[in-house]
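Next come the structures, one after another.
Presented sequentially are two complexes of subunit A, the first with subunit B as partner and the second with subunit C.
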Partner chain A sequence: MSFSISSDVDAQKVATITLAGELDSLSSREFQSAIEHVAAENPKELVLRVEDLSFMSSAGLRVLIFSKQKMGTNLPIFMVKPQSAIVDTLEKTGLQHSVNIVDEYPA
Partner chain B sequence: MMDTRIDYYPTHEHNGIKFRRGHSLPFGATMVPNGVNFSIYSSAAISCTLVLFERGAPQPFAEIPIPDEFRIGNVYSIMVFDLDYERLEYGYKMDGPFNPLEGHRFNKDTILSDPYAKVIGGRDTWLAEPNWDNIYPYRSRLAFEDFDWEGDHPLETPIEDLQVYEMHVRGFTKDPSSKVKNPGTFTAIRDKIPYLKEMGINCIELLPIYEFDEWEFNRTSPITGEVLVNYWGYSTVNFFSPKAGYAATGKFGMQVDELKTLIKELHKNGIEVWLDVVFNHTAEGDHRGHTISFRGIDNKTYYMLTPEGYYFNFSGTGNTLNCNHPVVRNMVLDCLRYWAADYHIDGFRFDLAAILGRAQDGSPLSNPPLLESLAHDPILAKCKLIAEAWDAGGLYQVGSFPAYGRWAEWNGKYRDTLRKYLKGDEGQVGDMMQRIQGSPDLYYYRGPNASINFITCHDGFTLYDMFAYNSKHNEANGENNNDGANDNNSWNCGWEGETDDPAVNHLRHKLIKNALTILMVSQGVPMVLMGDEMGRTQKGNNNTYCQDNELNWLDWSLIEKNADIYNFAKHIMRFRHGHPVLRSRRHFQHRDYVGSGYPDISFHGVNAWYADTSAGSRSFAFMLCGDHAKQGIVKDDMIYVIMNMYWDSLTFELPELSRDRKWHVVANTDMPSPDDVFPLGKEPLLENQHHFLAGSRSVVVLVGK
Partner chain C sequence: MESKTFPGTLDSLDLIRQHVKELSQQAGLDKKSTYNLMLAADEIATNIILYGYEQAGQTGSIDVLSEIADNQLKVVFEDEAKPFDPTARDLPTEDDFNKPLEERTIGGMGIFLTINGVDKFSYEYANNRNRNIFIMNVDHVHP
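After this line comes the complex of A and B, so read on.
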């Protein structure tokens, strides 16, 4: 499945990025650009809608770390409905503590 | 901006791939803005070609001959642009003479792995059958070096305060009884951190985790029909890359992240990580072996060669790395610095380390430059350095390893003396007195910290098998039981192998507890083999290097089956933690230098203040004065230990305690569980404060408080 991405920051300063397909080294550059784009608006929360994301590579994981570093470690990151393979990858690489994994946003 | 620098723009092009002159240092492949810098050394190649693959592709997508103008001295370097860091695999072709007599074995058609590669692809999942026709089976890859350590730092725990646990990554959790989600992986060790903490373990020493090929020398066992593999991993393919097959994420190429995450979690829980590193040889074998990397890049530099151009075999595995060649020495240094700085590794145990002290012609050096460099290296300054101070060529340096004030040793004499004493050999008491003091006869000037005390390790019998087998039973290895050591100093307690005889089993369990107790009350640094704390058996096999099965996989149900051993081990290991007087940095002085009325250590026997060290003696006791703990800086209790390996019970007169102190019972291996050991701080008062009847072949620990 090819990669697709869209982003938006609403009036409440909630940044939402929707990812689908496979997040590998090439597509992670688009992900990073999206992070930089929404970071410019100083969001209060970052929501990653990843229900249709099937794979996240090492480079993809790094963008998650980058987003923390770019927007501050206090910025809550919500990952909405990640597939089990993605959760697995987050757990094995210890990143599950850096994000809030939720079924819905807002809860 | 970094990427506007003129030296990050291409100047050349080859079939659409843009590149320019690279930087000679650092060696290896380094990510730079928009590209990768490649650099490799060869003293005798006449040309070098960079070979680039898409991940897993059967054929390369590019071969770029590195222009001779890019070569500085003997280093070829090139910077290539617009490469996909995650999908890239690379190697080299080196052209040069094939003249074994001169030491050269070049083949311009072989694709060679980079000695400085940080990730190796090709064995991404443990024992997944590879494509045997792959033209480039061990593929160099790039590693991201921007891991989020979240403030982690190597622990730098004083070595005397460590309790080391020698562990095989796969064997620790591969058995279904481990009940972890990803058995046999780095991730699974994270799941078992609570267990390690419960046991009082604050350092794990991992058997080799440098990339190796588990398929090396694979064959079928004539006994079991199972495939036999390179399970232990003492055969390095690449020194800088973690074993992908040990990572649950290895198939995604994320083994670096997974291992670093494990180390970060262990550090958070106060547990150090030591690596068992194998710099004495490589997986390329002798002149009949595969060419993977070093042989094809610079055979004469990387290997010790005979005058006829064959390989010296001081490692017993076919070749010997030429560690005291300046270039190889730098590679070893670069490698250890990388693991210390980028992986936050706390210590290194060097396999067959005596080889590292040999000259290029194989002769032992009195002042080996590699060992000196490691000892004084600024990045390794706080890392523990531990030598297995012997090699397969007959060089035995226990007690005499060139230490430069830094190196500790696996104390082989501790192992041998304890084994003999534990099975009741006579004439061992004098030696035992040295061993429990941290072997001052071996390490007088180096202190007890130079002694890594162990009774068992991966190489040999487990502790349970030590008391269940007189002889090795290695038939399953398919070598007609000719492999493995014959001098095990073991004793089967009257029956070879498993038995239902309760008396034999009781004795075996008691001897295991004796061993663990003596190990925990000895000065020096104790090391426990994975599973010995729960009575793990290898069914008499003392050389399980090739067994990827239950002979090596830790059976966690042993915690229930051998609950008495597990409970005893847990408490005696915690006892050591609770008593600094057991963990001295300096040797005893055998005198009272703090005014307590007692010497720091005193020896006793059935009569207090008199130890029988005659040849026929099999028992003695010693007392540590707690006021001398940490050279008098810390106050601790008095500790008195009886070791009676005589076949009958003996009554020991107890030394008198001063002040209001009374003797309390910590452990008595002659008693049935759970009265054989008591939790720290809950030791019951001893009824008779003047004498103690020690059972046959038992150890007693009392604490005076």
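After this line comes the complex of A and C, so read on.
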């Protein structure tokens, strides 16, 4: 299955990245580039729209950690509607404490 | 055993996952076990490709052998990179996972997810080949 990604930072400095398909070691390079791209605008929040993301390996987890390290600990990260298998991976690795899993954004 | 060969490049990850998904479906694994095996396969294949081949400046392939018997799906990845035993490395612990993100080390998560996601994972080195072996029990009932 193919991977697609888009990103933008709005006037309120909310960075939104929409990910769809399968996030593996190959596609995580595009995810990392998108993070670097939005980080340059010093966003105050990072919103990841992942409803259509069907697979995420540890390469995706590493980019999540990278984004926190790159943009600062205090940057809130919202993950909108992750699929249950992905929530499972976040929980197994303790990452659910570092991201806010939400059904919609803004709430 | 059935066998299928994939080039040892990151482009193959998608195809390897698809192949493992088909095998899981043939074996009758449920959705969650299928995902966990696909994840484990992806993590091990990534290590073989990035560290076994690319970092060593070597090219090679990954043979995916499979067998469904006795209510088990057995999948074996064989590669000709230098010996690497994923089970020999230190896995992250509960303590690591409770650390704030910015203090965490990022190694070992893939192997952790692999071992955690399959019923049995083992490694052997034979005939100059790494053999990573995944076993899933078919009669799994998840609550």
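Some notes on this structure:
Please note the rule applied: the second predicted complex is superposed on the first by the 107 of 107 C-alpha atoms of A that agree within 3 Å, B and C clash if a C-alpha of one lies under 4 Å from a C-alpha of the other, contacts with A are read in each partner's own complex, and residues count from 1 in each chain.
Throughout what follows, a contact is a pair of C-beta atoms (placed from the backbone, for glycine too) under 8 Å apart; a residue touches a chain by one contact, two chains touch by 3 or more.
All values reported here derive from a predicted model rather than from experimental measurement.
Bringing the complexes onto one copy of subunit A puts subunit B in a clash with subunit C. In the superposition on chain A, A:93 makes contact with both subunit B and subunit C. The partner of subunit A that touches more of its residues, comparing subunit B with subunit C, is C.
Applying the stated contact rule after C-alpha superposition, one finds that A:58 touches each of subunit B and subunit C.
Look at A:33: by the touch rule set out above, it reaches neither subunit B nor subunit C. In the superposition on chain A, A:25 makes contact with both subunit B and subunit C.
Note on the superposed arrangement: subunit C collides with the subunit B stretch 146-154, while the other options among 2-10, 146-154, 200-208 or 668-676 stay free of clashes.
Where the contact sets of subunit A with subunit B and with subunit C meet, they give residues 24-26, 57-59, 61-62, 65, 68-69, 88-89, 92-94, 98. Subunit A makes touch with subunit B in their complex at residues 24-26, 57-59, 61-62, 65, 68-69, 88-89, 91-94, 98.
For subunit B in complex with subunit A, the touching residues are 84-87, 144, 146, 148, 182, 185, 187, 190, 247-249, 252-254, 256-258, 261, 264-265. Interface of subunit C with subunit A (complex): residues 10-11, 13-14, 17, 32, 35, 38-39, 42-43, 46, 49-50, 92, 96-102, 104, 106, 109-110, 112-113, 116.
On subunit A, the positions that touch subunit C within their shared complex are 1, 22, 24-26, 55, 57-59, 61-62, 64-66, 68-69, 73, 85, 88-89, 92-95, 97-98.
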